[in-house]
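Notes follow once the structure below has been shown.
All chains are identified by letter, namely A, B, C and D, in their written order; residue positions are counted from 1 within each chain.
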Amino acid sequence: MDPQIIIARRVARELHSGDLVNLGIGIPTLVANYVPADLKVFFQSENGLIGTGPIPEQGMAHPLLTDAGGRPISALPGAATFDSAMSFGLIRGGHVDVTVLGGLQVDADGHLANWMIPGKMVPGMGGAMDLVSGARRVIVAMQHAAKGKSKIVAKCSLPLTSTRPVDLVVTDLAVIGFAGGKATLMETAPGVSVAEVMAVTEADLTIPGTVPEMKL
Amino acid sequence: MDPQIIIARRVARELHSGDLVNLGIGIPTLVANYVPADLKVFFQSENGLIGTGPIPEQGMAHPLLTDAGGRPISALPGAATFDSAMSFGLIRGGHVDVTVLGGLQVDADGHLANWMIPGKMVPGMGGAMDLVSGARRVIVAMQHAAKGKSKIVAKCSLPLTSTRPVDLVVTDLAVIGFAGGKATLMETAPGVSVAEVMAVTEADLTIPGTVPEMKL
Amino acid sequence: MNPVSVEEAVAMIPSGASIMVGGFMGVGTPERLLDEVVRQQKTGLTLISNDAATPGKGVGKLFDAALVSRLTATHIGLNPKAQQQMLANQITVDLIPQGTFVERIRAGGCGLGGVLTPTGVGTLVADGKRLIEVDGKSFLLETALRAQFALVHAFLADYLGNLTYALTARNFNPVMAMAAETVIVTAEHIVPVGVIAPDHVVTPAPLVDYLIANG
Amino acid sequence: MNPVSVEEAVAMIPSGASIMVGGFMGVGTPERLLDEVVRQQKTGLTLISNDAATPGKGVGKLFDAALVSRLTATHIGLNPKAQQQMLANQITVDLIPQGTFVERIRAGGCGLGGVLTPTGVGTLVADGKRLIEVDGKSFLLETALRAQFALVHAFLADYLGNLTYALTARNFNPVMAMAAETVIVTAEHIVPVGVIAPDHVVTPAPLVDYLIANG
């Protein structure tokens, strides 16, 4: 299975009926494709919409209805639109149940870095800092390694997005939780062993007695 | 002429087309009755309305459309309704051009006291403190004296509504301005002499060379 | 959003709870919820409400039944019963400026620790509060205000819980609907999903925990 | 509100002015006003805008024409020209979190000196800012942000200047319409008074200084 699809499918299992969910760009956006139809999840787009729907059919796109990247989207029946003060009031105020974000690094303490590489990539943090500070549950969806280097590091070398630790990291190889304040290996991807995960993970991982395989 | 009507008519002359105006309860409410029909003034009711209209005709009152005292009002074509955060954003943010408020005392420095008499009347300040802090222009509309005692005092003995000085006080006897930081007699009511105003005013008034009579 | 009966909804509120109640002089107040709070005799309430309304109306009913032990409000001058209870020290009352009241609740609902307001600087309202200078101007630090329950009255609610409000009955309702652990809503009309246009929704459905069902 | 031509409106903006421009990635941006700003070559602008859009679209046009000297925004990663100008020190850029950006503008428009936000505590964003504790929790003091001009795009405007917005084109427009000395508005449609119901007005008429007239 495509690594991105493994991640998206596994993250989708973290969502519950009634949840208000904000998906970042990149892999997180794919999560919406794997939510079961009977699960009533509200998706927020931080540019001012709850109830985002799929990409509109040919000829139905409207220039005044887009996602946070400026791409055309649709709105489901029961959608609500609002200004940016409300949108970030929802985010910072703890009304977003789950945010799924991409990451550059997550460290052993659960700290996330995902908004800049000094001297190289300085795009601005957009809504990421508010999402990590304010959402009830923060899930990072990212590849386990980039160019052979672990993205689960001992200590973030890149500037932090927030000092608030994330709740869960889902990669193509593993699910890592931070409930006890330290990185714990919760699950491994199908066909991946605990030893294989440890071998490609820079951070020290706590390994429980049994580590189940991801259900996808 | 009824003293209240003198005050209301004189205050009405301070309003300009396009002004957003907030009228307090009591004498200030009467001001709306004396605004010329060709003057396009927006009246705000701080419970969430711009475009207040007259008391509705018999049988047309709606329980969800009231003034800040809970009394039925109407809304003019082009009215707008909003929540209390917006209503006080308008007030505190300097978007209200003129507020007209009642007063218990105004002192020589232009300080207003109008919200409590310790040990006697402790109703709460409602929106008065925000209006005096935030409106571009603050006009106090009140009787010059109560029970024979001047309400224009040397120094307020009652708790202040704000440390921001008011711009104008209009009474049944006089118009008093505070442009120079000190109480100045601007006008006298029809048939009232400067000496008569000074005799019933506790505060020291600056008296210009000529003091015209109020136009009503 | 879960549809519940008014009895079930109020049964969730323990005596001694903190409740925010929408409305301005009883306009836009969830009367059915307050009637049931009185029927179920929830005592020792901490009430956060703009005013005390008038006896027999809106939150005035809570003072009629002597259910309030603490009150945060902006004005109680039109309810003699609330005044009496305050002067007799039966209730502890914190009277604050209306703009400060709504910003504190908004801060509570929007995850802000507080706001800096010029309102009240140099007055009795400033007592015990931090004064903070920004660019040479003084402001009071007013901290966030939240409650366990918000009792909200809407005009339209759809089956998901999206809400609109009518005219001056909007007032504090949308702000309070963000600032409590549990949000309970009455609506004048419950309508199918899609009846309320997205641009007209004021309170999005995910903010509503319980909607009082018809009948 | 005064109806004016787009040429007259932009002629009021001096070079070097501070301008807030509504829109999110060019959606909900007053394009006609920006085209005219480019035509009239207003240089050295201080721009306050969520993002830099993309070349040729929204505020991206201002970077194409190199009219911006200072920028306060939340994200400029999708406009390579803005990135280049930043890295070449042609523009001074202040990148701040989006929730902080909108709250600072709202504070500016609502007469608040600032707000306390948890966002950015312990990160680079906290550099040089005051850290304030409330009930044992740390917040950054973020101060109010205002501009000389707000350029706002609405969906409907009535003859008085009441505004509504459509779908995700609302974004920063209503907040900016409160936070500038002079507010200039383009609308997709201008409609008679009464067409917009009072409950649907988002920006009340008295906030609008100039509306770009049809034709």
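Quick note on the criterion: contacts are C-beta pairs under 8 Å (C-beta built on N, C-alpha and C of every residue); 3 or more make two chains touch, one makes a residue touch a chain.
None of the values given here were measured: they were computed from a predicted structure.
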A correct list of chains touching both chain B and chain C reads D
Please give the intersection of the contact partners of chain C with those of chain D. A, B
Could you work out which chain's C-alpha centre is the most distant one from the centre of chain A? B
A-C or A-D: which has the larger count of contacting C-beta pairs? A-D
Mean-CA-position distance for chain D and chain B (Å): 34
Between chain A and chain D, centroid-to-centroid distance (C-alpha), Å: 29
Interchain centroid distance [CA atoms averaged], chain A/chain B, Å: 55
Chain B, residues touching no fewer than two other chains: 49, 75, 81-82, 85, 88, 91-92, 133-134
Using the touch rule from the top of the page, what residues of chain C touch 2 or more other chains? 103, 106, 110-112, 117-118, 165-167, 170, 198-199
Touching pairs - complete list by chain label: A-C, A-D, B-C, B-D, C-D
Hey, which residues of chain B end up touching chain C in the complex? 45-49, 62-66, 68-70, 75, 81-85, 87-88, 91-92, 121-130, 133-134, 159-163
Residue numbers of chain A touching chain C in their complex, please. 18, 20, 42, 49-51, 75, 77-82, 85, 88-95, 97, 133-134
Report the residues of chain D in contact with chain C in the complex, numbered from low to high. 103, 107, 110-118, 132, 134-135, 137, 139, 141, 143-144, 164-167, 170, 198-200
Can you list the chain D residues touching chain B in their complex? 1, 106, 109-112, 158-160, 162, 178, 193-194, 198-199, 201, 204-207
Please give the residue numbers of chain C that touch chain B in the complex, ascending. 24-28, 50-51, 53-54, 73-78, 83, 86-87, 95-100, 102-103, 106, 117-125, 155, 165-175, 202
